[in-house]
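In what follows, subunit A forms one complex with subunit B and a second complex with subunit C.
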Partner chain A sequence: MTAMVLPGVRPTHKAGRASAFGLAGRLSAAVVIIFTVVALIGPWVAPHDPQAVDLKASFWGPDAGHLLGYDAAGRDLLSRLLAGARTSFLGPLVIVGFATLLGSSIAVAAAWYGRWLDSAVVAVLDVALAFPGLLLAVLTVAIVGPGLPAATLALGVAYVPHMARLVRSAALREVGRDYVDALRVQGLPAVRIAVRHVLPNIWPIVIGQAALTLAWATVDLAALSYLGLGVQPPQPDWGVMVAAGQSGVLQGYPAESVVAGVCLVVAAGAFNLLGQRLLRRCEGARAR
Partner chain B sequence: MTLLSLKALRVVLPVGGSDRQVLRGVDLDIAEGESVGLVGESGSSKSMTARAISRMLPPGARVDGRIEFDGCDVLGLGRKELRTYRAHDVATVFQDPRAALNPVRTIGDFLCEGLRLTMGMPTAMARRRAVDLLAEVGIDDGERRLRQYPHQLSGGLLQRVVIAAALAGEPRLLLADEPTTALDVSTQAEIVAILDRLRRTRGLALLFISHDLDLAASICDRTAVMYAGEIVELQASTELHRAPRHPYTIGLLGARPDIEQALPRLRAIPGQPLAAFEAPPGCAFADRCAHCVAACRADHPRLEQLSTALVRCHRAEALQTHSPGLAKGKVS
Partner chain C sequence: MLRFLARRLTGSAVALLVSSFGVFGAMYLAPGDPVSFLIGNRGSTPELRAALRSQYRLDDPFLERYWRWLGSAVQGQFGESLLQRQSVSGLISARLATTAWLVALAFIVAVAVGVCVGVAAGRWPRRLLDDAVSVAVSASIATPAFVSAVLLISLFAVGTGWFPVFGSGSGSVVGRLHHLALPAVSLAIGWWALIAQTTRASIRSELGKEHVETALARGLSSGQVFRRHVLRNALIPISTSGGLTLAGLIAGTAIVETAFQLDGVGGLLISAVSGRDFPVVQAVVLLLVVAFALVNTAVDVLYTVLDPRVRLGSAA
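Our next item is the complex of A and B:
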């Protein structure tokens, strides 16, 4: 028999694991963990009230109590950055959670029942994929009205096709395996086999794709907020801060836009790297 | 009493836009507690017969004819009845046990899931029952095995686990689809012995699918030989070996290598086996048959009684009376 495919079984060999994941992979995992912690506790550890306006301190440089200085309205930049992490970083998590749940449900159902359902799903996905996700989100927000809930939902829906397409191909391969037939002839219900047996075998791919999608979602949600369609000022958010800092850039005080932008780039980059490493690792497990 | 009855079973599969016939009218009865062998080359649709019986044909398959299990129409079963039928009446043992088990779940999960869901047992009871089932197929340290993963077990052990799982629903018919093909020869003998013992102790009916005539004869009361999607000969296994009637069966028996005889080359059947959808209007075996006459190409032969056998050959009777030396290729 040729090499067995054990998608869910990780290599127990320590060196193999490290080389597959790499320094960059571990570094990005660390960044994601740190950012998540900040997003969760940020508003409480912020040294000052992120909304407190002090017009005398407008664009004032960093000092002992304010490590990153002040923005145009004299609000503490560090506090706004920490508080803004919540929407900027946890918002994408909600988006991706939604897209993953809906996308993989559709995908597994299509792969399982096949035939006309599969054809219909593939046709709809192809059309949806031809439509840029951000554009779809902008359109939705234009209809529903701006705000974080609308932007989150719109982006969540926009990512469903990406998720569904990848998961469908993985699920299709898995559904064709003999063990699925073996469970069916035992008389087990279809939903149970799909959820308890097929899904665990395609988990690694789902997780990898979810991490990649997180990178896009971070940038796209920030873009919506930047355009004034997502999080609304004065609520702190990295996308909002990049937009608000623009006037400062013209006056020679780029701090606000730069620090928020750097945070966004680092977050998106970490998600991207992490997703790539995870996907590469499950491909490696397949190739063995 | 007849347990399973296939009547003029035809199956058509859609393959890339066109329809392909894979079963061309199979008639077969299996009595309660009887074991029947289904033998043929690759592509003769042996497995499709088993899949049709358990209603596991690929999506889009069109089935014609009748499948009766204990007098009940299998093709007409609804969703729920079908699950009960699969869980309690018919069990399947697959060719490759490694592929038949989910790699990320333990043996215990695999065995207990069926027991809990289809037999309604609580978990602790299911585990005890699973250990009993494993003991029945010759695995003594069942407790330990339940905690192991498929990759930790050998092929022979895994096939026993698959057989144990098949027994979980207390089935009355076991479909064994080349259960030993993926195993090595000594393990093969053990698995066949287990199947034979289970069939006798439990009164199980068995449909044993194999490409090995001798293996089928060793475990089966009757053997059916399939060629290109239909049964060409059916008779008691011992009779089939002693007096094969169909030229194809004779060829198959003659093609077995014999260690007692030194031959310059093996006697193989000339030509390639046909798939069911390639079959000509006449006899499917005509092109490879040494005894082919014009009638063989013109007319599709029917399965007819000839002394103890059912044979699908226009010339079976003539060959039997006029050329007694035909079966010479057979090992005595």
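Our next item is the complex of A and C:
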């Protein structure tokens, strides 16, 4: 601990922290960790080749070696689910990483320099926020052509304004504080104050908002893949699996769509809960 | 009041103009020659290339082209579809009714369910009902429309056979409602939760205010205080989330119409993107952007009606 206690991020008591986070917060953190591990190692622990087609096994129910059964083309569902975690779960991480980096840089720069730069940023954000993210992504895909890279980039750009608006208001509050003036008087370069001193103080808010954005990104990227604009079949992905399973649904075999859909709901729900808890903890810390 | 409205309308108009420029200019951001982009992977003949060059007047300066495109767009003219031998405006107007029905039904479902549930949870906090509502809200927000669509089809169309599997129904109102019931519910699922959350929060904060205590102390019945003092003040944040919901529902039609194979504008957008039919994409995106701008402006105007402080604040 440094001798100087920075305003805004006072150390919280352990009990207070646990109650603000709650059982649901810890549960969703556990889900996020498990899913991340699965996304990293999924393709290697998959019991079968996720692409191996066996038309004789089409829609076969679960058996000893195939815990979830087969899809329409006779591919092992569990293996496809594990392999699909990679794009479905890591794709959104790339999107949110990009949006967070760009959004918070713009926001901190706007808050730091103020005046015309700040007004310009606010005006651009207002226009950009009126444009729904999914629509921007669809327009981008229409130009660049479908595929995971285009979908990821488009959604990454689409979330920048949301991130920038929140971080800007937090950064404005922080830039007005005395310690920033003190560092400026000491002659520290602006970039160093912004990166080493301002950013660490608004970091909890950035992380909380990033977790919330992860929930949207998971749903929106899967939606693009579902619409045939993101990840392309036969590559396994949860959004692709929901779409591919729809023919099975009509024939009375909903397993593929349902398991992929449930994975998406659990992932998005965990991110959403985690983000809400993190942001609530920031507010609690500020109120104390 | 008038000055506030004028400022709002100017802001929307500028945002619309910038968006239209983006929608038009997007085509020229594509790698390569715009003609090859428009042709895509269709067979390229010299006649087709020449026709496209003259239809888009690619030899004119960019700003002149944009201005002409905007002029005809304002009159509802977007040229010919590249995939179907039909005018873009004809394709869209044939599908507008389905989308309007879908959005209207989903909006009614989302607002009715969201406000009722939110009022109940806000009025009787910390009961079993309140906990059940917060679990249901979290689950609904995390459920994407295409997942709920597939689940609804599986349960209520294939499983029980109560509803048709796809198609938007035509002619009678009853047929429309029957066909669009499942799509509307699946579209509304993510959004009733937002309205319920806002309603519960705003009712709770109103209930804790002093004017409520004063009204109760004066001997007014709690039902009367709730209806006339709490609910009315809570309406302001609820109307904002209603506007957000309407905008979100319009954007969501693309997914739900694809899932239920409805012949609406959103489904047209997705099939045009897959088929690289760019005139159709431009027109539908512009139409959706105009719809968003209208919804946002309408919410702001509603604000001044519901909350006099907004008017006073702008006059000062």
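Here is the rule we use: the second predicted complex is superposed on the first by the 276 of 288 C-alpha atoms of A that agree within 3 Å, B and C clash if a C-alpha of one lies under 4 Å from a C-alpha of the other, contacts with A are read in each partner's own complex, and residues count from 1 in each chain.
The rule is short, and it goes like this: contacts are C-beta pairs under 8 Å (C-beta built on N, C-alpha and C of every residue); 3 or more make two chains touch, one makes a residue touch a chain.
Bear in mind the structure is a predicted one, so any value in this text is a computation, not a measurement.
Look at A:102: by the touch rule set out above, it reaches neither subunit B nor subunit C.
By the touch criterion defined above, A:184 lies against subunit B but remains apart from subunit C after alignment on the C-alpha atoms of chain A. In the superposition on chain A, contact of A:242 is made with subunit C only, not with subunit B. Looking at the shared chain after the overlay, A:153 reaches neither subunit B nor subunit C.
Once the two complexes are overlaid on the shared chain, A:114 sits against subunit B while remaining clear of subunit C. By the touch criterion defined above, A:261 reaches subunit C but does not reach subunit B. When subunit B and subunit C are set side by side, the one touching more residues of subunit A is C. Touch criterion not met for A:93: it reaches neither subunit B nor subunit C. In the superposition on chain A, A:68 contacts neither subunit B nor subunit C.
The contact sets of subunit A with subunit B and with subunit C never meet. If you check the complex, the residues on subunit A that touch subunit C are 126-127, 130-132, 134-135, 138-139, 141-146, 215, 219, 222-223, 226-229, 239, 242-243, 245-246, 249-250, 252, 254, 257-258, 261, 264-266, 268-269, 272-273. Subunit A meets subunit B in the complex at residues 1, 4-9, 114-115, 177-179, 181-189, 192, 196-197, 200-201. Residues of subunit B that touch subunit A in their complex: 54, 56, 59-60, 83-88, 90-92, 94-96, 98-105, 113-114, 117-118, 149, 151, 162, 165, 168-169, 182.
Put simply, subunit C touches subunit A in their complex at residues 11, 14-15, 18-19, 23, 26-27, 29-31, 37, 138-139, 141-147, 150-151, 153-154, 158, 165, 247-248, 251, 254-255, 258-259, 269-270, 272-274, 276, 278, 281, 285, 288-289, 292-293, 296.
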